Amino acid sequence: EEFLSLFQARVDREEKIEPNDPMPEGYRRTLVRQIGQHAHSEIVGMLPEGNWITRAPTLRRKIALLAKVQDEGGHGLYLYSAAETLGVSREQMTEELLSGKAKYSSIFNYPTLTWADIGAIGWLVDGAAIMNQIPLCRCSYGPYARAMIRVCKEESFHQRQGYEIMMALARGSDEQKEMAQDALNRWWWPSLMMFGPHDGESAHGEQSMAWKIKRFSNDELRQKFITATVPQAEFIGLTVPDPDLKFNAETGLYEHGEIDWVEFKAVVSGNGRMNRDRIRDRKQAHDDGAWVREAALAHAAKRAASRTVPQEAAE
Amino acid sequence: EEFLSLFQARVDREEKIEPNDPMPEGYRRTLVRQIGQHAHSEIVGMLPEGNWITRAPTLRRKIALLAKVQDEGGHGLYLYSAAETLGVSREQMTEELLSGKAKYSSIFNYPTLTWADIGAIGWLVDGAAIMNQIPLCRCSYGPYARAMIRVCKEESFHQRQGYEIMMALARGSDEQKEMAQDALNRWWWPSLMMFGPHDGESAHGEQSMAWKIKRFSNDELRQKFITATVPQAEFIGLTVPDPDLKFNAETGLYEHGEIDWVEFKAVVSGNGRMNRDRIRDRKQAHDDGAWVREAALAHAAKRAASRTVPQEAAE
Amino acid sequence: MGAVAATFEMAGFRALLELADDALILGHRLSEWCGHAPTLEEDLALANMGLDLLGQARALYAHAGEIEGKGRGEDDLAFLRRERDYVNCLLVERPNGDFAATMARQLYFAAFMHPFWRAIAASSNDATLAGIAAKAEKEMAYHLRHCGEWVIRLGDGTAESARRMQAAVDELHRYTGELFEASPVREKAVADGLLPDPGTVRAEWERTIAMVFSQAGLTAPEVRVPQSGGREGLHGEDMGHLLAEMQFMQRAYPGLTW
Amino acid sequence: MGAVAATFEMAGFRALLELADDALILGHRLSEWCGHAPTLEEDLALANMGLDLLGQARALYAHAGEIEGKGRGEDDLAFLRRERDYVNCLLVERPNGDFAATMARQLYFAAFMHPFWRAIAASSNDATLAGIAAKAEKEMAYHLRHCGEWVIRLGDGTAESARRMQAAVDELHRYTGELFEASPVREKAVADGLLPDPGTVRAEWERTIAMVFSQAGLTAPEVRVPQSGGREGLHGEDMGHLLAEMQFMQRAYPGLTW
């Protein structure tokens, strides 16, 4: 009990908790789950965008998209490393992802149907992720906070690039403008769902707030996102697909229509359009690569063994 | 010795040799090799054309190409059946193809680079094959002759379709005409090579002629092909890529330039552009399909076993 | 992607496109097997089924183009629409996978199209469509028999084939519900007498599948969330790559004769 | 496919295209690995190498377009030529295969391009090309080290990795001779001082390969008939499918800005 209050006091003083610091098991478990989920999201998130690299319409866009996906892989690495500081191994986390035990952001269970989806993902999905991640830069757990600082730098760039793609389309031919509007129509609501259930129904919320893992509530972040994004859509002449969207001048907030929580539940529970394909792709990469990883280990072992032999004999 | 003369007398009387008839071992072996090679050629020949089914430019052409490739598979079936009458099994022949022991027509080691190649293959490759096959309809070995009669009917249709593709291109846009001319440039000489080495250098020629397996020499058939084909090229405004091609009014034959026998040898010996890819594709199909064939056998065995059980118990 | 009102007027045209796109995409998928099947006999059978479907597609597109009355021919419709305008069901665009997956996909489709074509032949007030249906029904009878036999052979073959066959069913069953859904466009076409409600053949489909699965030792998975969206042009990620290949020549050489 | 005389005049342009097409096609191949590599670290490394190559391609196409002087920009050259007009070598268009094949292909290419770029940087009379070369040389040094280490790791790893690595070498070695061939166009470009004869770096390439193979326990196969033709636009059958994907958007939506 005293331990818990001492720990809480540290957190309240905005002290960073570091890997070897004593921490409540619940705190550790929450972070393992959340950081792991975040890492898995970056990795799985490489797939919907990776789907368009071979068809990117110009060299500049091809390079930018490949670089973005590479950055996401890099984010995954930072995050897996941060999670490992809490006593879980990469292999364990990978196994949990592939078995379906660990979750990843449900947004990546939607298919990228057109080039405009690539713009929409950068603009909306990275945009929503940034809303979540900026507060996490002040997360109480040191390694996670520092990973988030690195991630946020790159993600703002991605978000601007995505918006720039949408802008180019919205200012292009009629077909390109239709393509952009169609992508916005399909990605808007799933992006809102990225912030999770309404505050009243969110399972982990309160304790995470107390431990300063979470700084703002789901609805607060969702509102920030809408407030930032709607003017961006209007600026390029696109319409947010919500007939109930209305700016309330008194509150300074947007009222929006009801989120389809049935769809959200379906996608989160493994029944979205691409859930099985995503896991199958990751599993295939893992299985196909087993012989490579085994060879690397075997080679390293051979090298280690040869280094214990007297130098003359080794040469 | 007497046996050999009796056999030769039958052949000279244009009698058909049937599967259970006594025959010289050399005769049997020659036919096994030739019919096997012919069957393998049909099967491997499905690959260069199959390469364009998913990109065929119209529904009509897509259907025609798929039907052509299906016909070729059917030809392979007739021919494997004919070879099996001589005491060799399909499995054995398949093993010899995949191990590189058995040959197939080297023409199929060339890649299909454009849609016009599909026209060129029908026009030139089927055209050359027909030159070879029409005499084979009168081959002394009954099953082979009958298989050839069935094959020739369909192959004439394929040849006309190929020519029709070339005609449509030659009468199309400048780019289409260039595409057709380029395909002719690339497939002409390999098609001439389909008739094999010059008569003086052909290993099997004389004995095969005596046994009426072969009716015309390589050069005779090659000449027939050139005579038939050059006017067809001229009719659609394409130029045969042979600056030495010259019609000799006295002989009624075409003189043609030197065939590049170095290239021929390279391709025949496994070093053409697509040799390894063709065998790899066939091997992959075979290996990937092993579990299917095993399951079919297992299922058939189960059914056979259950039929020996009294009817009541089986129901 | 056009306004719903416009497509409602064009309900007959859109309903024909649904049938044609199903046939084209599935025929295209089968044609990918060419030269790669487990046996030579199966190379021929798969090509045969592919040819049936492509032939149906051709007839349907030609007729749809006439109904639309805007001068679009069979190739314009087959090759020159945007991905979001293809209205095939999700089942037919699924990748071939292994031979078990291809047989499962074909069984599911044929077990539906066989009675559906029969019902169209019997009741459509469109003589051309009824004619297409009469021929297609016979073709699908063969597909049903051929693939049903294979599903049984594989389901009750070796341990490996049974594993693969069940995996195929586990993967694909979720796409079958869409076969019986009537999009608003199809409901209007039903009301107009062009074709019957696909839901009317569901019982027969279920009996056929149950009978085959019983002999094959297969279990249909419980599908909590049936997958659909194809009829609204909401496909998976494989469709774009399929169309890039299929449409390439028409896109790279626009407006030419082949 | 144009007349040889015309291309001879355009030797500098054509020589730049050879370099650019090599970089584009190989970069595109590497990008296909994205999200499918054996480890996360390799996903990043493969993407990194792909980005280097695509960046080189972009700079080379831009410069080539200027030299050609007909108003064709980097995307016109990269996306809008016919297959027969791409002049990359055959090695770079080979399918990725397994990780061993990808590492072998990259090792072979980097072991050539590293010294070749160095020689271009040192001797080209084209300042832009020399600048591209100076940067590319550094990039290829990393590719060479990274892939050389992997070839050793796999060649001297497990029995399976050694088998796969040797199989990759057996498959790909036949495509390496083409790297040193000087097409007539390239010979003219050499004579004009644009770049050096590729044959001059052959000895270094052979030493590099021999050193890596020796540590990896690999044997280079005897190649009786080196494969070539890429510089004349005579590719294998994989190239057409690669281009259908890569060019699709530019073909389907001609003349637009993205």
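The chains carry the letters A, B, C and D, assigned in the order they are written, with residues numbered from 1 in each.
Criterion: a contact is a pair of C-beta atoms (placed from the backbone, for glycine too) under 8 Å apart; a residue touches a chain by one contact, two chains touch by 3 or more.
The chain lineup, named per UniProt: C, D = Phenylacetic acid degradation protein.
All values reported here derive from a predicted model rather than from experimental measurement.
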- Weigh B-D against B-C on C-beta contact pairs and write down the one with more. B-C
- Message: Can you tell me which chain lies farthest from chain B, using the average of the Cα atoms as each chain's centre?
- Response: A
- Task: Compute the distance, rounded to whole Å, between the mean C-alpha positions of chain A and chain B.
- Result: 56
- When the C-alpha atoms of chain B and chain C are each averaged to a single point, how far apart are the two points in Å? 34
- Message: Measuring centre to centre with CA averages, how many angstrom lie between chain C and chain D?
- Response: 42
- Item | In chain B, residues with contacts to at least two other chains | 55, 175
- Note on the structure: Note: chain C residues in touch with at least two other chains are 244-245, 248
- Task: Could you draw the chains as nodes, link the ones that touch, and say if you get a line, ring, star, complete or other?
- Result: other
- Message: Going by the touch rule stated at the top, which chains touch which?
- Response: A-C, A-D, B-C, B-D, C-D
- Message: If we count contacts the way the header does, which residues on chain C are in touch with chain D in the complex?
- Response: 241, 244-245, 247-248, 251-252
- Message: Taking the touch rule as given, give the residues of chain A at its contact with chain C in the complex, in rising order.
- Response: 48, 51, 55, 111-114, 175, 178, 182, 186, 266, 269, 271, 273-274, 276-277
- Once bound in the complex, which stretches of chain D touch chain B? 1, 82-84, 171, 174, 224-225, 227, 229, 234-237, 239-240, 244
- Query: Where on chain A is chain D touching in the complex?
  - Reply: 43, 46-47, 50, 53-63, 66-67, 69-70, 73-74, 76-77, 80, 115, 165, 168-169, 172-173, 175-176, 281-282, 284-285, 288-296, 298-299, 302
- Residues on chain D engaged by chain A in the complex (per definition of touch): 28, 31-32, 34-44, 47-48, 50-51, 54-55, 57-58, 61, 74-75, 78-79, 98-99, 152-154, 156-158, 160-161, 164, 245-246, 248-250, 253, 256-258
